[in-house]
Amino acid sequence: MTDTEPEADDSIDSSEPDYTSTELMVTTAARELRDDESVLVGVGVPNLACNLAKRTHAPNLRMIYESGTIDSNPSSLPLSIGDPVLATGAVGVVPMFEGFSKYLQGGRIDVGFLGGAQIDRYGNINSTVIGDYEDPAVRLPGSGGACEIASNAHRTLVITPHQKRRFPEEVDFVTSPGYVDGREGREELGLRGGPEAIITDLAVMRFDEDGELYAETLHPGVSRDEVQNATGWTLAFADDVETTPTPDTEDLRLLREELDPDGVYLE
Amino acid sequence: MTDTEPEADDSIDSSEPDYTSTELMVTTAARELRDDESVLVGVGVPNLACNLAKRTHAPNLRMIYESGTIDSNPSSLPLSIGDPVLATGAVGVVPMFEGFSKYLQGGRIDVGFLGGAQIDRYGNINSTVIGDYEDPAVRLPGSGGACEIASNAHRTLVITPHQKRRFPEEVDFVTSPGYVDGREGREELGLRGGPEAIITDLAVMRFDEDGELYAETLHPGVSRDEVQNATGWTLAFADDVETTPTPDTEDLRLLREELDPDGVYLE
Amino acid sequence: MHTAIDQAVSDGDSVYLAGFTHLIPFAAGHEIVRQGYTDLHLIRATPDLIYDQLIAAGVASRVTFSWAGNPGVGSLRAFRRAVEDGVPNAIEIDEYTHFGLTARLAAGARGLPFMPVRTFAGSDLPEQNENIRRVESPFGDDEIYAVPPLCPNVAVVRAQRGDVSGNAHVWGIPGEIPEVALAAETVILSVEEIVDEQVIRSDPNRTLVPGSAVDYVVEEPYGSHPSYAQGCYDRDNQAYLEWNEISESQASIEEWLDEWVYGVTDRREYLEKLDSERLLDLKPSTEYATPIDMGGY
Amino acid sequence: MHTAIDQAVSDGDSVYLAGFTHLIPFAAGHEIVRQGYTDLHLIRATPDLIYDQLIAAGVASRVTFSWAGNPGVGSLRAFRRAVEDGVPNAIEIDEYTHFGLTARLAAGARGLPFMPVRTFAGSDLPEQNENIRRVESPFGDDEIYAVPPLCPNVAVVRAQRGDVSGNAHVWGIPGEIPEVALAAETVILSVEEIVDEQVIRSDPNRTLVPGSAVDYVVEEPYGSHPSYAQGCYDRDNQAYLEWNEISESQASIEEWLDEWVYGVTDRREYLEKLDSERLLDLKPSTEYATPIDMGGY
């Protein structure tokens, strides 16, 4: 540490990974974003991923929030999607109805982030209730803007822990449509876009030509069995399942020193 | 004039009227406006009428223009409904779609002013074409906002010269609905409000319980025959046709000295 | 605020306290609790802490919403207790998405019988809500839904500054304020500062609430604490984190209400109870917008 | 502007020069005349002088509009000659009301298959225009109409100030600018002044045109003359009155075009031909808006 000679980057090849599971999810999500895109950001991990992408390969990424802030330029981590730091220094701020109708419905959002309590094999998401709608075991927050993000963004990314209860054969309630019952099902409804990838703490999953999930890469040290056991149906795996690329040193420095110096989201 | 003794107001009783026909129309229209109303103003005579009302009996009249200026406070006569003098000092300015949808359609306009090339006995107005639509003898400017003002204001006032060609039995084209074919006809279409009065250079006309025009008052010195001869159908007259009240001295002073000192609209 | 709430709100009314995460009318909500209304139909895209407090106080019998959580913190516990267990009383829920609910307000503000929206297709929400219906486009199109107008009996909207007639400038996140101010039957405007009419007229493009729609104007500095007012104060995040603890039981909420709502007569007393250090820490630095010249014509 | 028009516009395109009486893109219109396009579909709520000039120059085969007059002066003579007598060429017309036309843009900007509007009922306009159709509300209602989206190939919008990315502040009458900027396929933004991005970011609520929608940014002071730009210059009413004379015949318009459009290479040369006294007289006095504090967070 006190050595003035720059350290070689191969420190990340040591057996003990020098990044956390959340950091891996953040850097993996960041790589899904391209320069000059408009992304509808959520707080937490998506926010870190977008800010990381903006500071690395996507300097012209426009961060747009459900609260109506356009091309936000936050000087610190927002506490919620309505944090004043997202309005100060933004390029625009629009009323909610304008944001949803002109930006989302109008097709001006390239990428949206979604989360949820349950996700099925077609990427349909439940963030409404566990159990029966009329008499729920757990009342979740509900859609918020999720249903319209899922319906109108050109593609969506989901970030979630990988647990069997979160990936059931069938979700208790469809809050936000994925590929419905396959790509054709979604197309018939006239929905734009669709889910692109699901990034968990075990793997990165994508959707095949029928709109069904398969594991594309497994995170370092994660086995097929671990992923299958955390999934509520027989999950497909890519023919050539590879290992998810790990965060590089500069990504980790940015995350730890600049983006989340207090470790609010990065354990 | 050099007498320091104030002149008695009875100067207006002289045989030669000391006001013009336009001035009478302006003061008559001004009396139709009540305090604390929202009025959708046009340029010219309606603008003078609204400003006169605001300086006399209706100080809290809110003048709103099709261009989206809300509660304008013009320091001089606007040259068009989009004059910058209507925005500077206004309480609000909204985009066109907001103005039409939230103010007019939303029912926030008490009174609207309309004009037109032809008006029929039910107050239906043509400002589109003389002759056939496909091959017009005269192409008029078209609706602009007139159709939606006629459909959504709580009441409308029409100011127009009184000529036979302007009051035909049937208009060549209905641009803006009045009572359609009677009050029931309008009601069936679900339209708000309806025409309240037509103020011409000869008379003030209102609508009876069937929604048909009748002459309520005749301007000083105007005969029934004159009015009938300038109307394209057999016009009804009120049982007790009275004479239109004339402008008072203060009205004339305000009009000539403050509102239109250059005589742009007042001949 | 006491008079405004007293005159504007009646038992059984539908009430919308507006402001998406920003300019939330906490002071008005507390006044509603103090005046002990019953059977209110509370409407808000994001119920937030203020509806959690109102629900726990037992004033609500119905909640219309689109996302019920403690923003950036977690779950809205009193809301959940009422829905899951009927504590302190059962509440009916009427659920939309953010877009669906704001589209209802937009239809209400615009005098439209419905607003078409590209959302809900493929979701289970339309099955649970008869106000979400398909509409056929007269120009042919894929599946599209519509929602009917929503015109609450009473709305409370906040703004940084307004004149005595209720014309108000809002900056930062406007949320659903411009819609609900025109959709509601009765509107209470609560501002950080009442300013001269000329201040409003100097910048008419910034007026998001027109005075003609406003029935009551109340000056109430810090009336949105612990949420925020852009340029005036930041969100008091400590309060949002603490609520996560306080709301763990109905009993601990009642204790909190006794101290912070029933135990004070108005917002002024509420503010006096807060540590001044806490208020001072919420003050942002000054960042003026580059002025514009409207021009004298 | 030469490059922007050259790259953005093609023969046969639908073109919307935006701005309701305010911020009318006269410079862009003149450049279209100079570049000699044909068969353009011109769209504007109020064709105003600029479309009268374009029509007389023979670039248009179709005009979509809602009010065709010389505002505050009288009739739009070249437009009328084309409609009534086919001079210099016949033009098709596609006619709406102001609300109907802006609702079409609003639907286009919002990705909707139609926009419901309370207008047209009882009018003869729907008979003349198959784009004005009845729609049935799924919630039951009286007669209501709908219009389909309108997404012009090219829109030119003006603003007082914008940054190089096309984010623009507009004040005074915004007209249909916020709608058409999001509805059109290609957008040219022409500003009185290009400013640093930080000026725009200092007041995000004032941004009516987002840079993400803009394809070309042109700085063109006095680009709206003889219409006006709030705070920068007034309408040159003399020009509006003179047009009433100039437009009396196709021949006198052509003479005018030769001098003021074909005879100059760009707006700069056009301005140089104007008496400076005239420009000086259009300058309003300064009336700054009361600033707002966004706050540093």
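By written order: A, B, C and D. Residues from 1 in each chain.
Here is the rule we go by: contacts are C-beta pairs under 8 Å (C-beta built on N, C-alpha and C of every residue); 3 or more make two chains touch, one makes a residue touch a chain.
Not measured: the values here are computed from a predicted model.
Between the contact lists of chain A and chain C, the overlap consists of D.
On a Cα centroid basis, the chain most remote from chain D in this structure is A.
Looking at B-C and B-D, the interface holding more C-beta pairs in contact is that of B-D.
For this pair, chain A with chain B, the centres built from the Cα atoms lie 60 Å apart. Taking each chain's centre as the average of its CA atoms, chain B and chain C sit 41 Å apart. Rounded to whole angstrom units, the spacing between the C-alpha centres of chain B and chain D is 29.
Centre-to-centre separation between chain C and chain D, using Cα means, comes to 38 Å.
Shared interface positions of chain D, i.e. residues touching 2 or more other chains, are given as 111-112, 118, 141-142, 144, 171-172, 174, 205, 230, 234, 284, 287, 294-297.
Residue positions 69, 83-84, 87-88, 93, 101, 105, 152 of chain A are each in touch with at least two other chains.
Chain contacts in this assembly follow no simple pattern; the graph is neither a line, a ring, a star nor complete. By the contact rule set out at the top, the touching chain pairs are A-C, A-D, B-C, B-D, C-D.
Across the complex, chain D meets chain A through its residues 109-112, 165, 167, 182, 197, 200-201, 204-205, 207, 210-213, 294-297. Those residues of chain D that touch chain C in the shared complex are 111-116, 118, 131, 133-142, 144, 146, 148, 160, 169-172, 174, 195, 199, 202-203, 205-206, 230-232, 234, 284-297.
Per the touch definition, chain D reaches chain B in the complex via residues 20-22, 45-46, 65-69, 71-72, 75-76, 79-80, 83-84, 95-100, 102-103, 105-106, 117-125, 128, 141-144, 171-179, 208, 228, 230, 234-235, 237, 240, 284, 287. Touching chain D in their complex are the following residues of chain B: 43, 66-69, 78-84, 86-88, 93-97, 100-101, 104-105, 124, 128, 133, 136-139, 141-148, 151-152, 173-177, 180, 185-186, 189-191.
Listed in rising order, the residues of chain B touching chain C in the complex are 38, 62, 69-71, 73, 75-76, 83-85, 87-93, 101-102, 105-108, 152.
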